[in-house]
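Next come the structures, one after another.
Each of the next two complexes has subunit A plus one other chain: subunit B in the first, subunit C in the second.
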Partner chain A sequence: MDHLGVVLGGVPTTLLVTATCFGVGAVLGLVLVTGRRSGSVVVRGLSRTIIDLLRGIPPIVFLFIVFFGIGSGAIRLSPFVAAVIGLGLISAAHLAEIYRGSLLAVHRGQFEAAQALGLGRVTTYTRVVGPQAVRVAIPGMVTWAISLLKDSALVSTIGVAEIMSVTNQDARSSGSSLTPFVIAAAIYIALGSPLAYLSRYLERKLSLKGAR
Partner chain B sequence: MTEPLTSPARPILSIEGLSKQFGDHTAVDDVSLDVRPGEVVAIIGPSGSGKSTLLRCINLLESPTTGRITVGGIPTEVDGKVSQRELVALRRKVGMVFQSFNLFPHLTVLRNISLPQERVLGRSRAEADARSMALLEQVGLASKASSHPPRCSGGQQQRVAIARALALDPSVMLFDEPTSALDPELGLEVLSVMRQLADEGMTMIVVTHEIHFASDVADRLIVMADGRIIEQGDPKTVIDDPQVERTRTFLSAIRDR
Partner chain C sequence: MSTSLINDWGEWLPRLWDGLLVSLQVTGLSLVLGFVIGLGFALLSSAGSGLVRWPAILLVEIGRGMPALVMLQLVYFGLPGVGITFDAFPATVVALTLTTAAYTSEIIRAGLRAVPAGELEAADALGLSHVDAMRFVVIPQGLRIALPTLMGFAILIFQVSALAYSLGLPELLGQAYSIGAATFRYLDVLVLAGLLYLAITIPASWLVDRLERRLSKHLG
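After this line comes the complex of A and B, so read on.
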């Protein structure tokens, strides 16, 4: 009757799925936000459409499209890879919007000063605007990481053996449903709270250093 | 334009037929202006008369609708597309100081001045820092080198902004109401740095409402209204005896404040 031990067995996979999807989303989100701010109308429109689609489709539907729709056709995708593609792309869209909002929060004068000094686009973003935008983006990014941690339960439906999946099996085989799921709930909360703490800590630290 | 290239009378900055339209509103209307090396030109005029837009067109923060800008003998046709190379070349020669300072708040005062030198001129960090410190000394802020801008007063921030622009060795400095956001006594310390700069022979175009600065320091005063230059000449002459009715009205309005 070691429900806790069984449910804990799913933790590494949950963390791996969450972290990988977040990493993929953080990087692809940069690509999308760059597209969103491109000088070309076509690139802007395309990036915007991709972001809107990824944010508009329910995550479970998108996961099924990736795994059952695409991943079982010409190309075969393992459940883990399908999960990372699915939730990674959805994360990219959400993080792109968070980045975009944080860039809008940087005063226009910062871009103008950088331009007037003759700084290039890359330097402007990496050295001037980026570091200021990051401070604004961090709380939203951590909030997204917490959502992603919870949404990772969805990938149990395509057969990834994370917390939800092992809990479900445990409930079926033991015949006891309440205890395993309550334990799972407690574990999600325990995993999420350091993130919330981290968010507050970083916010404080970055705002002190920036001395705004 | 028959003077030899080396003639000191040759303008360092020449603006020909510059216009800027926002939709169907003409913010700058066919302005031409030659600035001699070392000349200090003050621009005054009512709000909305196109002063900021004119300055912003000179370093292409706004792309002018038509016109030609020549800095240091190299012309840039600004109607149509300006290439990235021309853009960078032009901005390298023109320094700009904004009303709202626009220092980078996450960088120290020293980094604010050194980073552009490293990135734009390719100076090493040591070279850049040495130049930054010399300039900070000059504007009286050496002690603030390791502070962050939000910890400095507005007057201090504006002096750092001036040092940051000077560090790139511009041929011309543009100032857009550099003291308008400051309390009068803080404005004075900025004006004194600008006066010192003018004495050292820097070519400057200064949009300002500081009529004393204009009359004491400027070599020429330009009055703008509705995107055009409506009057220009020796500052004292223009101030004491304006020829255009609108200049008279505007001058009495700012005197009354």
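After this line comes the complex of A and C, so read on.
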């Protein structure tokens, strides 16, 4: 029974890592998608390259580059900071693609109408296109949050004491090695299922209202 | 400085190349085995009988709900606790196969559901048995619909195979990490390993994009 207590001890850190990386990614994703839709070919190409690199490299390899590669040289990064930088940047790339898809889903006439009304670029995005795009983006964003929750297990490899890390220690120190892993799996499923349900619910609800 | 970096890369490349081959092997094996099991589960989880459907859906949800790292460590470090012991290579293949099966079964199920009901009715009207209708009419069309998503998932599993370094499997990341530990040149060797991963994933995702556009042309 005390296996459960030990493994549950990692839950707050897992949630903290997931939420922080999601927050960092949500904001930086806006920057990347703005670059991706920029009028300048250079900015557009650069943003696209950054997004492709971050999405193409395995998250664990990127995490290692940040922690062992960059964070062990001139700059010292704590495991938590390295985790947030690593998974935060990867989230930014994925969320930028989700934002981009949702902006493409907004009818072009909306941009033209805003222009005809003399609205500026910023107002067009914050008042006209943005609110419509958010509706399309939300289910995808929740799906990404679920992936991120599971990917947060990777940061155990650089020494952040989240669920996977305490599970490993527990398995090593106690005789029975299967139980802690089964408990860890059950906890991830229990944390992810409400999000999966939310994603399906929002998808149904928002797609009905957003129908053109 | 830069020439010495190129020399080092040249020196490391053969070991990283061996690692990449191991990564590709575990990915390929897991994809093939996982796809076959996934197709089975896709059919079971769209079965008419609830007694068949619900256990299949439950297993799929468990497989999709747990992180791949948990699956890998459960198989390699956990199962010996109940007397089942694997080497790193088979343990990786078993774990990634189970993860692949869970995800692909959902992807295939969505593909099968996207086949219009009229197809099944037409097959019925032509006097095809249910098995023949599935085999010759529904499954081929459903797989075609699911193909871009399946290929996207294949890229993801290739990325996930890097986690097998934690079982001590000498795949690409494992090789890079041990070179880093021996030379303390983590950044250089990890970047080189990253480039090798990208050399596979980026062209592969272009291919998926092209395929997706081609298959959805008629919808445009």
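In this text, the second predicted complex is superposed on the first by the 198 of 212 C-alpha atoms of A that agree within 3 Å, B and C clash if a C-alpha of one lies under 4 Å from a C-alpha of the other, contacts with A are read in each partner's own complex, and residues count from 1 in each chain.
The rule is short, and it goes like this: contacts are C-beta pairs under 8 Å (C-beta built on N, C-alpha and C of every residue); 3 or more make two chains touch, one makes a residue touch a chain.
As the structure is a prediction and not an experimental result, all values here were calculated from the model.
Asker: Touching A:Phe64, do we find subunit B (first), subunit C (second), both, or neither?
Answerer: It touches subunit C, and subunit B stays clear.
Asker: Between subunit B (first) and subunit C (second), which does A:Arg76 come into contact with in this model arrangement: first, second, both, or neither?
Answerer: neither
Asker: So, A:Leu53: does it touch subunit B (first), subunit C (second), both, or neither?
Answerer: second
Asker: Of subunit B and subunit C, which one touches more of subunit A's residues?
Answerer: Subunit A has more residues touched by C than by the other partner.
Asker: For A:Leu117, using the defined touch cut-off, is the partner it touches subunit B, subunit C, both, or neither? Pick first, second, both or neither.
Answerer: first
Asker: Looking at the overlay, does A:Arg200 come into contact with subunit B only (first), subunit C only (second), both, or neither?
Answerer: neither
Asker: Looking at the overlay, what does A:Met164 touch: subunit B (first), subunit C (second), both, or neither?
Answerer: In the superposed model, A:Met164 contacts subunit C only, not subunit B.
Asker: Once the shared chain is lined up, is A:Gly192 touching subunit B (first), subunit C (second), both, or neither of them?
Answerer: In the superposition, A:Gly192 touches subunit C alone.
Asker: Touching A:Gly109, do we find subunit B (first), subunit C (second), both, or neither?
Answerer: A:Gly109 sits against subunit B, while subunit C stays out of touch.
Asker: Contacts for A:Pro131 in the overlay, against subunit B (first) and subunit C (second): which applies, first, second, both or neither?
Answerer: first
Asker: Per the contact definition, I'd like the list of subunit C residues that touch subunit A in the complex.
Answerer: 61-62, 65-71, 73-74, 77-82, 158-163, 165-166, 173, 176-177, 180, 186-187, 190-191, 193-194, 197-198, 201-202, 205
Asker: What residues of subunit A sit close enough to touch subunit C in their complex?
Answerer: My answer: residues 52-53, 55-62, 64-65, 68-70, 72-73, 150-151, 153-154, 156-157, 164, 167-168, 171, 176-182, 184-185, 188-189, 192-193, 196.
Asker: If you look only at subunit B, which of its residues touch subunit A in the complex?
Answerer: For this pair, the touching residues of subunit B are 59, 61, 88, 91-92, 94-96, 98, 100, 102-106, 115-116, 119-120, 148, 150-151, 161, 164-165, 168.
Asker: Once bound in the complex, which stretches of subunit A touch subunit B?
Answerer: For this pair, the touching residues of subunit A are 107, 109-110, 112-113, 115-120, 123, 127-128, 131-132, 135, 209-212.
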